[in-house]
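Which chain is which? They are A, B and C, in the order written, and residues in each are numbered from 1.
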Amino acid sequence: MRRLYPLIIVIMLLPLYLVSLSTVASYKKAQLRDRGVSYVLPSALLKITSLEFDELMSDYLFLKALTFYGGTLDRTERPRIKKEEWLWMYDVLNAATDLDPYFLDPYYFANANFTWEARMVKEANTLLAKGSRSREWDWMLPFFMGFNEFYFLHDNALASEYLMEAAKRPDAPPMMETLAVRLAYKGNRTKIAIVFIQETLKKTKDKITRRDLEIRLEILQDVLALEQAMEVYLGKYGKLPRDLKQLQARGIIAHIPKDPYGGEFFIDKDGSVKTTSDMFVVTK
Amino acid sequence: MKPIFPVAVITFKEGIRNRAVYGIIILSLLMLTANFLICEIIMREVGKVAVDIALSTVSFSGLLLVLFVGINLMAKDLDKKTIYMVLARPISRTHYIVGKFLGMVALIIVSNVIQGCFAAASVFMLNSMYPAYFQRFSWMMFILALVFIVLSLTLLSALSFLFASITSTSFITLVLTVVSYLIGNSLSDVKALVEAPKAAGIDPSPVTIKVVQTAYYIFPNLSFFDIKIQAAHGLMLSFPFICWTTLYGLVYTAIIITLTCAIFAKREFP
Amino acid sequence: MDTIITFSGISKAFKEGISGRRVQALQDISLEVAQGEVFGFLGPNGAGKSTAIKLLINLIFPDTGQVLIAGVDAGNREVRRSIGFLPENPYFYDYLTAEELLMFGGRASGMEKKEILQRTDLLLAKVSLDHARKRPLRTYSKGMVQRAGLALALINDPKVVILDEPMSGLDPLGRKMVGDIILELKGLGKTVFFSSHILSDVERFCDRVGIIVGGRLRLEGRLDSLLTVGETLEDLFLREVAKTGQKEVL
């Protein structure tokens, strides 16, 4: 009988254990959800406190940003991520890449999310510049920077410079140079953007990112088609159409394409095609 | 139940007189001094950083106490056969484990109170130096954070007892305890990561998810007790949360100690 | 006379190393010690003396057979209320003082504080540790630790005193002190069960001896009936060991 005491005690405690575990876990989850973003220690200080484990600390910080981002995916509010949360993520990634400037993932994450979603293109490029300096063999990072300059910041000269840099690095795809040259002239923005995304897709394995890119590509292809239709309209009637319905009415396009993000395409005042879902901005 | 207390008393005395304890206290004093230097170079949230460092110091020195004093208390008994003189008394093995553990808990509490006072002093001084940054700071949360540190260290110490009862050398006990500590602190995050609906760029295999979920139920979730963030920002915690977390810690500890007793009852000391 | 210690049909094997090879430490030991007797347990190193003593304290458990103390199974913790035990090469807590050690021993045996303090004074004087009573045990020499251990074994005024190699690590003065204590205990009607490989000690104090070689009890009986005229215990012992074919350096 005595020998059974431990077993009996454990069996009696187990339900209490499971209940308290799941209760605390759900509280913690809620706390995490409305946890404000906190201050990130300056990386110089982190470098001291992480002793010889700089890389490990870097990995940890990156995972922290990643989990935070992952945790926001089921939020319902819009915008999903607040400005100060983006700033916090930037601080975390900045610290992570200070601790280990060769670590690709934070740059990749920054490029994927700080540009399209957060509109913190300058910050993304600051991070990428750090990575490009350290990972001097990697053509991807200057390529990303070039794209961001071209697409978001509209600085073709600078974009062309970055792409030239990318073209010089080992294993850079041959189209890089052509793209750089083409950028130096005022070219078709949408077309170049499509080439950029197609090139990025080739290098992307991750399913979720791929899907995002594919949707963006689809939108850009729609925009390109609409823009081409507008040019046809311009050639026929000598002026730009007032709205996309006119294109349809005059039989230049069969129908107005649907935005996969649920928005609607329209012609902006400056004559460019945009979408109300606002997932990206194409201005001239 | 009576024989438990003499064991607890000698365990506590032996522990508190250990030279390592002074070393740990000196280390934490150094860290708390560093707190002043660090706060000088912080520009934005001095209050938060001050509380962070103060609490982390207490937590870290507590960890050292459990790892280097606590494990030794138990391991030395087995290595050097000190346990003979205990078990030669009318003391059962369960008494021995529970007494030893209570002594260790007393050691953790006393050391935490001492370190907590140092930490509070440093926060108090920084508070009076930069009152503007401490507006949301609450002493209640600070004390609660200290209590939670005690709970988490108690739990870790219980685990080290379990490992000591299974293994034969203190080194393996130390390694297993450190590993549990690391796992325990990252478990929630890792689980959140692998279970996130489509966490950016992460697509874990079903096996990974199962392993993490199993570990989640076996290893202690030490991050539950980490409320440094709330203390640093003066965020309030709900009363039920505090109770449930305390309950979780106590129940986990009780289960581990019960298992330790069961294993110990069958152990021989040749 | 009442029987106070009973080994009946005890066998004990240990698993050795990672291979798990079983080593038979004790083989079918049966032995009785009566109340008030001084029993000497003799044997070469590794013969199983310590194993038998650890079975008495319930530090290890027998594979077969039963160990009884005053008719109660050694597994019952209450029997240890009337036992004093000094392990071989004892080691106590580094940072405790002799006083605290004895206080622990007394408290753990359920004694009152006042009584413990009285006996502490008495015992520390007896083992000549009075001057060092407030010093941590870490600062003690090997002999001092051994004497402190003896005081600890006697703190609860035990009926049965079990001493594992009580003479080892002691200088001649210390050995005389331990011998005197054993004789005094005998005078008080206590039972003393001790192991030793120092034959002259055994010869001096023991009423009865048991000789154990290779885990088997070879010989057991009253010293005066075992020894033939003109024979010393050493002769007897060497003869017994030689019978088993073992070569043992004493």
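Here is the rule we use: contacts are C-beta pairs under 8 Å (C-beta built on N, C-alpha and C of every residue); 3 or more make two chains touch, one makes a residue touch a chain.
Note that this is a predicted model, so its numbers are computed, not measured.
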Check: Quick one: which pair of chains has the most contacts?
Finding: A-B
Check: Quick one: most central chain, C-alpha centroids?
Finding: B
Checklist line | Interchain centroid distance [CA atoms averaged], chain A/chain B, Å | finding: 39
Notebook entry, point to check: So how far apart, in whole Å, are chain A and chain C when each is placed at the average of its C-alpha atoms?
Noted result: 77
Next item on the list: Would you tell me which residues of chain A are touching chain B in their complex?
Entry: 3, 6-7, 9-10, 13-14, 16-18, 20-21, 23-25, 27-29, 31-32, 35-36, 38-39, 41-42, 45, 63-64, 66-67, 69-71, 73-74, 105, 108-109, 112-113, 206-209
Check: In the complex of these two chains, what residues of chain C are touching chain B?
Finding: 14, 51, 54, 57-61, 77-81, 83-85, 87, 90-96, 100, 103-105, 107-110, 136, 149, 152-153, 156
Margin query: Please output the residues of chain B touching chain C within their complex, sorted ascending.
Written below: 2-3, 5-7, 9-10, 13-14, 17-18, 80-82, 84-92, 95, 268-270
Margin query: For the complex, give me every residue of chain B touching chain A.
Written below: 38, 41-42, 44-45, 48-49, 188-189, 192-193, 196-203, 217, 221, 223-224, 229-230, 232-233, 235, 237-238, 240-241, 244-245, 247-248, 251-252, 254-255, 258-259, 261-262, 265
